[in-house]
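There are structures below to look over.
Next, two complexes with chain A in common: one pairs it with chain B, the other with chain C.
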Partner chain A sequence: MATNPMHQFNVYRIGPEIKLGQIDISFTNASLFMVISSITILLVFNLGSKKNSLIPNKMQLLAELSYTFISKMISDTAGSKAKPYFSFIFSIFMFVLFCNMFGMIPYSFTVTSHIIVTFVLASFIFIGVTIIGFIKHGLGYLKLFVPSGVPLVLMPLIVVIEIISYLSRPISLSVRLFANMMAGHTMMKVFGGFVISLGIVGGWLPLSFSVALTGLEILVAFLQAYVFAILTCIYLNDALNLHH
Partner chain B sequence: MIKKIFFYLVFLSFLTLKEAFASGNSGMPQLNPEFWISQIFWLTLTFGILYILLSKLILPKISKNLEIRKSQILENIEAAEKQREESEQKIKEYDKIINNNKIEAKNYFNQNRAKILKDINKKKENLENQINAEINKAEIEIQDFKNKAPEKIYKIAIETSADLINQLIGIKINNSSISAIVEDVSKKKYKLL
Partner chain C sequence: MPKNSFKIRLKIAKNKLSRKNLYKNKQSPSSIGTAFKMSTELVSAVVVGTIIGFILDKTFGTKPWLILIFFFVGVVAGILNVFKSAKKMQK
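Moving on to the complex of A and B:
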């Protein structure tokens, strides 16, 4: 069972079964890591914002660097109009980043390697962005599907393609994160299994692979969180600045 | 050779892994909907709390800190600029004072030099005048002596001739006659000279 690389993605109940009517909302290992990630984020940023010294200490520097990093990312991709959504994008980025990073700890659980979690996050974003778009532009937001400068003959086709691409946003957003995390962790587990099965003689090659993969996976963990956040910004930009 | 063995072993382990895959419950746990609702519920709960706490408590604090730091740094830079300007002004003033003082000192020096030179010249003149006067006096005296010398010589000559005559012949002769003779002789001598 331990050699099954998919075993690490199993969700199991921790503690008693909690039922809300007919619905099972038991606390699981996934929930545990969501809570751990959230608490860690809150602790880190609470520590980082507690004292305000002119020359920041390490925690403060970390918090302020992340703050300026994300605020710069938002203003670069979505402009100044996106400022009210800063804290949402900040929370999304930090949540995904910390969940990915906690997944890198051996024997831990990667929350973002589950399609349902990433899909729900992407749906939040998709629904939110769509609502913002309709509030800002009314029905004019539908112009998003009618790019300017397209010949009339092609218009029906283009509109259909645009609608499909718009509707597939939450799927692409969620599958990208989920597939990256799952593939990376599966690969690490497979190579870890090789180390054991090849033993002391042949295990060194997959071990070195495993070490390299760990570095790569940490990079991917950061990169996917960044991509998730920047795509959110781009979608938000479409909703705020309609310039198709 | 070692590489070959490595790859062979890797291949072997692949075979055993396939068996493991086949024997374990295949499929992805992600697609098992047993805990989907629970995950959605906990995700919404934790992310909601995280979002609320971050946006209401922590992020405003960080942005305030950043703004305070920015304004503080700007203020400090301004203050530094001001102080720099002040110090430059002071350096200019200092230079000015030093230059002025230098010029003043030079002036004093020159004035005093001129004064002292004047004094020295005056004193020199005075001294020269005095010296000249004294030289004149001395010259007059010398001239006096010179003028008086023939008379004295006369007297001496008369006296000595009188003495000589007295000792040679033992006769006392009137001074006036001797003097006449001496005059005569000396006149002849002068004439000869």
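Moving on to the complex of A and C:
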């Protein structure tokens, strides 16, 4: 079982099979870990904001630190206009971060190492940002595809290129998170397999490597959540402050 | 008036903080993040271009041509993506 490095990404059903028409909506291990991370987020931030003392305890400190971290990130990248969308970006960041971090626990399942999960997140962001752009600017939002100072002959080509570049946003957003998580976890599993197969004599080198890799993976888990959130801010900034 | 003086002190402290942030902004810890970012920008535009070409080919029945054209347009869009994010980094 442990020899196949891709085995950890298997999705299997937990409990009874539930069908909605043709679609299988049974509860899987992926949904279990999503539920676990959402509940953990809720617990952490409920406990953190329950007792607002002047001298914070650890939970409150954690909640306040993450609050200021995200709010500073939003005001740095998207300006003060993006303040109403704080809760959305905060929940996106926390969800991705907790899913990534829960994936680091041995024998657990990394939700974000599946492209469909990250793609759904990214496409929700993409569609939402596009709707916000059209609400704020009306049809003037289409100016995003028409850069100023382009000769009329090149215009059709440039517009097509800009549209493709705009449409590539959700794909680059989702593929980045998915590829980083999947590659990292596969690599960790492969090095873990080396430890077993080389035994007590030669296993020490891959063991030390996999310890270092675990540290790197925790860094990547945080960083990818950060990049995911900061790119959401950047796209939101494009939609809110339209100047090309 | 102890309450009032506290408000003034709070204002001064907040002002200081916002000024500090302005300078700190230049060295954000996200430089590895932007490095990760650039790599996928290029590829994703090519993928999107190819998919659009594939769909248009199917609808118009011009089998190999539109996918070829849109592949190269996608490459151009990818390079444009990288350019844009590089420009954003410099700001």
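The rule we apply is simple: the second predicted complex is superposed on the first by the 237 of 244 C-alpha atoms of A that agree within 3 Å, B and C clash if a C-alpha of one lies under 4 Å from a C-alpha of the other, contacts with A are read in each partner's own complex, and residues count from 1 in each chain.
Keep in mind that, in the parts below, contacts are C-beta pairs under 8 Å (C-beta built on N, C-alpha and C of every residue); 3 or more make two chains touch, one makes a residue touch a chain.
Please read all numbers here as calculations on a predicted model, not as lab measurements.
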item	value
Which of chain B and chain C A:Leu167 touches, first, second, both or neither	second
First, second, both or neither for A:Ala179, with chain B first and chain C second	second
Touching partner for A:Val227 - first (chain B), second (chain C), both, neither	second
In the superposition, chain B vs chain C on chain A residues touched	B
Touched partner set for A:Ser208, first chain B, second chain C, both or neither	neither
Contacts of A:Asn57 with chain B and chain C, given as first, second, both or neither	neither
Which of chain B and chain C A:Ile23 touches, first, second, both or neither	first
Touching partner for A:Val190 - first (chain B), second (chain C), both, neither	first
Chain B - residues contacting chain A, complex	5-6, 9-10, 13, 16-17, 20-21, 24-32, 34-44, 46-47, 49-51, 53-55, 57-59, 61-66, 68-69, 72-73
Chain B-facing residues of chain A, complex	1, 3-4, 6-7, 9-11, 13, 20, 23-28, 30-31, 34-35, 37-38, 41-42, 45-46, 48-49, 52, 54, 56, 60, 63-64, 67-68, 86-88, 90-91, 94-95, 111, 113-117, 120-121, 124, 178, 182, 190, 193-194, 197-198, 201-202, 205-206
Chain A partner contacts - residues on chain C that touch it in the complex	21, 25, 28, 30, 32-33, 36-37, 39-41, 43-45, 47-49, 52, 70, 73-74, 76-78, 80-81, 84, 88
Contacting residues of chain A [partner chain C, same complex]	72, 76, 157, 160-162, 164-165, 167-169, 171-172, 175-176, 179-180, 223-224, 226-227, 230-231, 234
